[in-house]
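One structure, pasted below without further comment.
All chains are identified by letter, namely A, B, C and D, in their written order; residue positions are counted from 1 within each chain.
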Amino acid sequence: MVGAFGGVGTTITLGLAAMARGLADRTGLVTALPPFRDLPLPEPGDFVVGGHEIRSTTFAESAEEFRRTSGVFDPAWIAACRAELDAASARVRPGPRLGLSAVVSGLADWAEARAARTARQAVDAIATDLGAFIASESIDHLIVLNVGSTEPPFPLGDVHQHWKTLKPRLDDASQVLPSSSLYALAAIEGGHSHINFTPSLGGSMPAIHELAQATGALHAGKDGKTGETLMKTVLAPMFAHRNLKVSSWVGHNIFGNRDGLVLDDPTSKTSKVETKDRVITEILGYKPSSIVTIEYLPDMGDWKTAWDHIHFQGFLGTKMTLQFTWQGCDSLLAAPLAIDLARLTDLEKQRGGKGQMRHLACFFKSPEGVMENDFFKQFDRLIDHVAKPQRP
Amino acid sequence: MVGAFGGVGTTITLGLAAMARGLADRTGLVTALPPFRDLPLPEPGDFVVGGHEIRSTTFAESAEEFRRTSGVFDPAWIAACRAELDAASARVRPGPRLGLSAVVSGLADWAEARAARTARQAVDAIATDLGAFIASESIDHLIVLNVGSTEPPFPLGDVHQHWKTLKPRLDDASQVLPSSSLYALAAIEGGHSHINFTPSLGGSMPAIHELAQATGALHAGKDGKTGETLMKTVLAPMFAHRNLKVSSWVGHNIFGNRDGLVLDDPTSKTSKVETKDRVITEILGYKPSSIVTIEYLPDMGDWKTAWDHIHFQGFLGTKMTLQFTWQGCDSLLAAPLAIDLARLTDLEKQRGGKGQMRHLACFFKSPEGVMENDFFKQFDRLIDHVAKPQRP
Amino acid sequence: MVGAFGGVGTTITLGLAAMARGLADRTGLVTALPPFRDLPLPEPGDFVVGGHEIRSTTFAESAEEFRRTSGVFDPAWIAACRAELDAASARVRPGPRLGLSAVVSGLADWAEARAARTARQAVDAIATDLGAFIASESIDHLIVLNVGSTEPPFPLGDVHQHWKTLKPRLDDASQVLPSSSLYALAAIEGGHSHINFTPSLGGSMPAIHELAQATGALHAGKDGKTGETLMKTVLAPMFAHRNLKVSSWVGHNIFGNRDGLVLDDPTSKTSKVETKDRVITEILGYKPSSIVTIEYLPDMGDWKTAWDHIHFQGFLGTKMTLQFTWQGCDSLLAAPLAIDLARLTDLEKQRGGKGQMRHLACFFKSPEGVMENDFFKQFDRLIDHVAKPQRP
Amino acid sequence: MVGAFGGVGTTITLGLAAMARGLADRTGLVTALPPFRDLPLPEPGDFVVGGHEIRSTTFAESAEEFRRTSGVFDPAWIAACRAELDAASARVRPGPRLGLSAVVSGLADWAEARAARTARQAVDAIATDLGAFIASESIDHLIVLNVGSTEPPFPLGDVHQHWKTLKPRLDDASQVLPSSSLYALAAIEGGHSHINFTPSLGGSMPAIHELAQATGALHAGKDGKTGETLMKTVLAPMFAHRNLKVSSWVGHNIFGNRDGLVLDDPTSKTSKVETKDRVITEILGYKPSSIVTIEYLPDMGDWKTAWDHIHFQGFLGTKMTLQFTWQGCDSLLAAPLAIDLARLTDLEKQRGGKGQMRHLACFFKSPEGVMENDFFKQFDRLIDHVAKPQRP
């Protein structure tokens, strides 16, 4: 896990342990639904959790902070899973700081193991850690999952179009890739799986896709669809199917976790807002007036509250309104989806899959390689895919 | 139209005229969406509107009342379509009062043409009016559309199981059928099409279905899915597909049109509440705690406001909440769907269809003959059906 | 405390201990505001908590249950205050079951100390317990606080008009008084203070008020104004002062604590709904259409969610809407107000006060002896009262 | 009226006529409440409406546009009051463009009567129009009411501190005053009354206050308190009086009238946001985290929807939430208050009042010369003031 000690990473780690111990049930896991029941998916106890971080803390500390500020996690479960939390903490390594945004750099308080001056040095440092993890834990399938802070938008250029043009530039000292892409590259170059749960760039560029074809690495992204955007991809099809004309869609989001702190930086926020706004236009086929805000309010903790106001026109020009308020705990919504993605990626590996996993679109706000944004059509595609005993 | 001068009937009549004159566009009509564009559907100007009523008024008066109390309908359109409204008003006949609920009887102020003492007399009186309408207007396909007030639940017995047992009982003076079923029977016995847009009984019984098989009458029902229930059949699948456990679903509805006045009678309300509650359980596969209220507030006019509070449990037992407020104008949501149903029924007639039209499930809260409640699956079925050039 | 182990009683007990230990600050206590700072009010550590119950449990168990179901109370505070909780639990006595409603009787699982067959026997049994508490704990001012379950409305008759007519009837076996009034009587007959924080009858009858005049007992009630009704008494004056005409006010309440379970019984609910509805009419000076529901949903725990929809008419007949959603934790809102009432009652005692304390109206939904329902005017009255060094 | 053909100006003009004709009642007028009934206030028919504008249109056109886009105004009333609307339109003069913000300038399509190059020239041009209006209509009390578009914040300097320093600078070509202040100056220099219903600068500076002292002109401002801010000044005292700690207050506003278009310009928006934010801090006595947005969505018309999310902490650190949604029609809320202000200003004139009218604070978001922001305390002050037969 990239950004392991964050809210999502901590919830994944505690959640896997609590499920393995039979404390928690599987509510929230899509892969616990009937269509997935007979598939050879890895069980919670089969995962070995590790990762990279730039903040010096532990899963136990992070879980306790979460409980206190957000009122989540039964304290009895934290206590019962203490051994697993500590073991996982010991498997987290200090990550390189190259390519971090200014605001994330400001949070870094863990000394780097090896300072990297070029992308190549950073990728190699990460790869060395991944290799050591595989060796010491006898990992048979390594999945690198990005659950780190959101980065500002990173503009792609000609250099990112082909692996043969990108590869030599990794040795420059220039900022040719953001941090998230360095981790993606380390994974994919090594033939490991990579899942980008964040809106950051990660492996989303032709050059890295090309590399994945060559190494056979599985990959999927990006930006887990947890709350308000999930609602948008469910409700927008309803308006479309009823031929109700959406004249404006306003979405205001407030939340207070560390991701919010990072998003409070205007440049980081841009990537998130763009994604949230785009899906409506793509589903409706036209662009209604729209406003999207994401604001950081420390007192909200991990609780994301979204208020959406949808103004639509019905028959004979009649204006009507739908409003919704979503009060969800972000990390608790994200973590089971990330576990689902890991389980389904492993299934794909068992089936001999390679490259981009388009069938995982229903988990993402910006599903790579997929034009379909309607949640239910995306879900049907997943069901169809896993139901096939063999890949085509 | 049964209950022609009500909100839905008035909106249909004004709407068809306004579309035929090119004043109004087709927003709100499902059959105006791309998958329906090349089908031989009747155009707005092809319909000849008539009906039955028990209140003595006109479409023009009703439209004006609507405009004043609910702020809908451009006054310029009412004026421009005055000729069509008056012509349609002249085609509305006083309906028999037999089988009306007490509260609806209390609204009746139009003298009956022929007082019916038995169901058979009432059915024949209606059939006579239908025949006269067909003859005078040269109607080639008669569709009887129930947009009347909601009746109290009507318990079915053995007598309603077969046409041969029901038929002789029609001559009794006893209340063997409610008003809505008398109209359904008149239509179906005559081989005409019948659509029940209300939660009333109408033709929903084995005896009448059997009769429809014999006469070849097309029929579909019941209870148009306009607002809160539409939302329920869209959102419940989302929770199910994410394996989020809905612990309670509360839905409070307020509105102030004549339908609300009738529903304010507790016995009539029961039919509506049952339908609204049932769909969630059927989609989720378990029954969350639930509350549904429908309350009449005269000052709301035709504006139905629904507040829904959905309490759900996510990963690690975390409780979260979704609330929505739907502010829709009921008749303006219903009328285009009723027009869609009439257009699609005519298509079915052209294609040689007979009996129950299961492919219209997405328009109904309680789709007859269909177990599927997920709106999107219902919609896909409609699209598949109309896409086939021939019926199987 | 009557109904000591309930949510409010438990929160009071834990809260006093947590404040005395300096763990918790005084947020939520009105008497911690500047106008009260220099008054000789008792401090949290000055209170000795005891009471009556019919359920066999403890404050520690009840606090733990609360934490688990409603996510309130820092577990570290429960642990730190364990000694105070246990000591207080030991001071709670089993109460008589005479006069309990059927639904509350069904919750009773603690054997009565002395079965009472007449009101007099029950009052004397309670008085004996109160006397023993005063003696063993050296109490200098006993305040009986009713925080028990809501009773059904209890109709008053001629017998309740004068103490001389009520007194002899106490020896009958007939149900002359509900349970809440037996406790009120025991307190007031003994010259102790009595505060009714619930909508139950308690001491609200001329006969007991007369008795309080004679014994000099201080008393106040009834029904603590914690959430939705507080909002109503704040917002209704706003509409009145702007001459905006409220056409309808709808309030739907859902919650899941034990009080909700009791209110789920329709007869108990009536008292609560009446109070909530009345204040709006009294403030506005006319009665808008209104709906009030209170529904029990076990999954909500102590979290009361109220949705209010206020439809109002402005200038030139323009209809507008205000909606609010209140998500409050009922016991945590009630407990500090009950502590405020106890502190202010003690102040009144120090100042030589007797009988009805009308200046406490701002704490109650149905303030006894007071016609003013506007929260801010009630609050001003409290401030004026406490500012006077001498009573008039 | 400055900005006469805007939404507020149009509603005032139509409203006065509709009330004078007995079509409309006085709902929404504070001065129609009992405490004001016996005061010698001018009646609707006593007002002669005129004004300045920069857009070339009429009250009748503006009213019709409003009806169409926002569903307000009974068309029968517009027709019935056509004569008054046309007469009033004829009394509106093209205003000078000097000192307009760029975005407002962009809306100007009415040729100036006299192009002004200096503030003095503009003030004199306005004064000439005012004088002509008084003469032709035999006005005995001229009240200049600013209901024009919101200006960007205008920084005050030393020059604005005293009339003797400001006066000579009026002859410069430099932008020493914004447009709103030119109108204020013309009014106050002439000894006429001035009311600033907008957040623009107007007469809010020591130099003009000093001048008002000298000429005896009555004045009040600024920024009419119509909707969300009214709610804030009602609810914030509730939290304060209950000692509930507000940790964050988020307010998102959307609307679509011309004022919104102007506010969409970021510099204009700043003045409005500052005011809305400030009141909470001043009432609570501390600054919670806060967010205020005002966004322009053309499809909303004159309907302002505000969603406020208030996160507060109660007893024992328990976090709770209040949310409200206000759906108000801005001009219809503003117009009656502006009429109230005119009526009360006339009363003050009759009583011999001069200078700043602090007792009108309850009508304003930023009441000049008044520290009190609590709506109910402001209202009490108004009632006290008008109840006095003589000024002190």
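In this text, a contact is a pair of C-beta atoms (placed from the backbone, for glycine too) under 8 Å apart; a residue touches a chain by one contact, two chains touch by 3 or more.
Nothing here was measured: the structure is a model prediction, and the numbers come from that model.
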TODO: Find out how few touching-chain steps suffice to connect chain B with chain D.
DONE: 1
- [ ] Count the C-beta pairs in contact for A-D and for C-D, then report the pair with the higher count.
- [x] C-D
Open item on the list: From the mean C-alpha coordinate of chain A to that of chain D, what's the distance rounded to whole Å?
Closed with: 49
- [ ] Starting from the mean Cα coordinates of chain C and chain D, work out the distance between those two points in Å.
- [x] 45
- [ ] Would you please write down the residue numbers of chain D that are in contact with two or more other chains?
- [x] 71, 74, 323, 325
TODO: Spell out the part of chain C that touches chain D in their complex, as residue ranges.
DONE: 11, 14-15, 18, 24, 26-30, 32-33, 72-74, 77, 230-231, 234-235, 237-238, 240-245, 313-318, 320-329, 332-333, 335-336, 362, 374-376, 379
TODO: Could you pull out which chain D residues touch chain A in their complex?
DONE: 71, 247-248, 250, 252, 254, 289, 291, 293, 295, 297-300, 305, 307, 309, 311, 319, 323, 325
Task: Residues of chain C defined as touching chain A within the complex - done: 68, 71, 74-75, 325
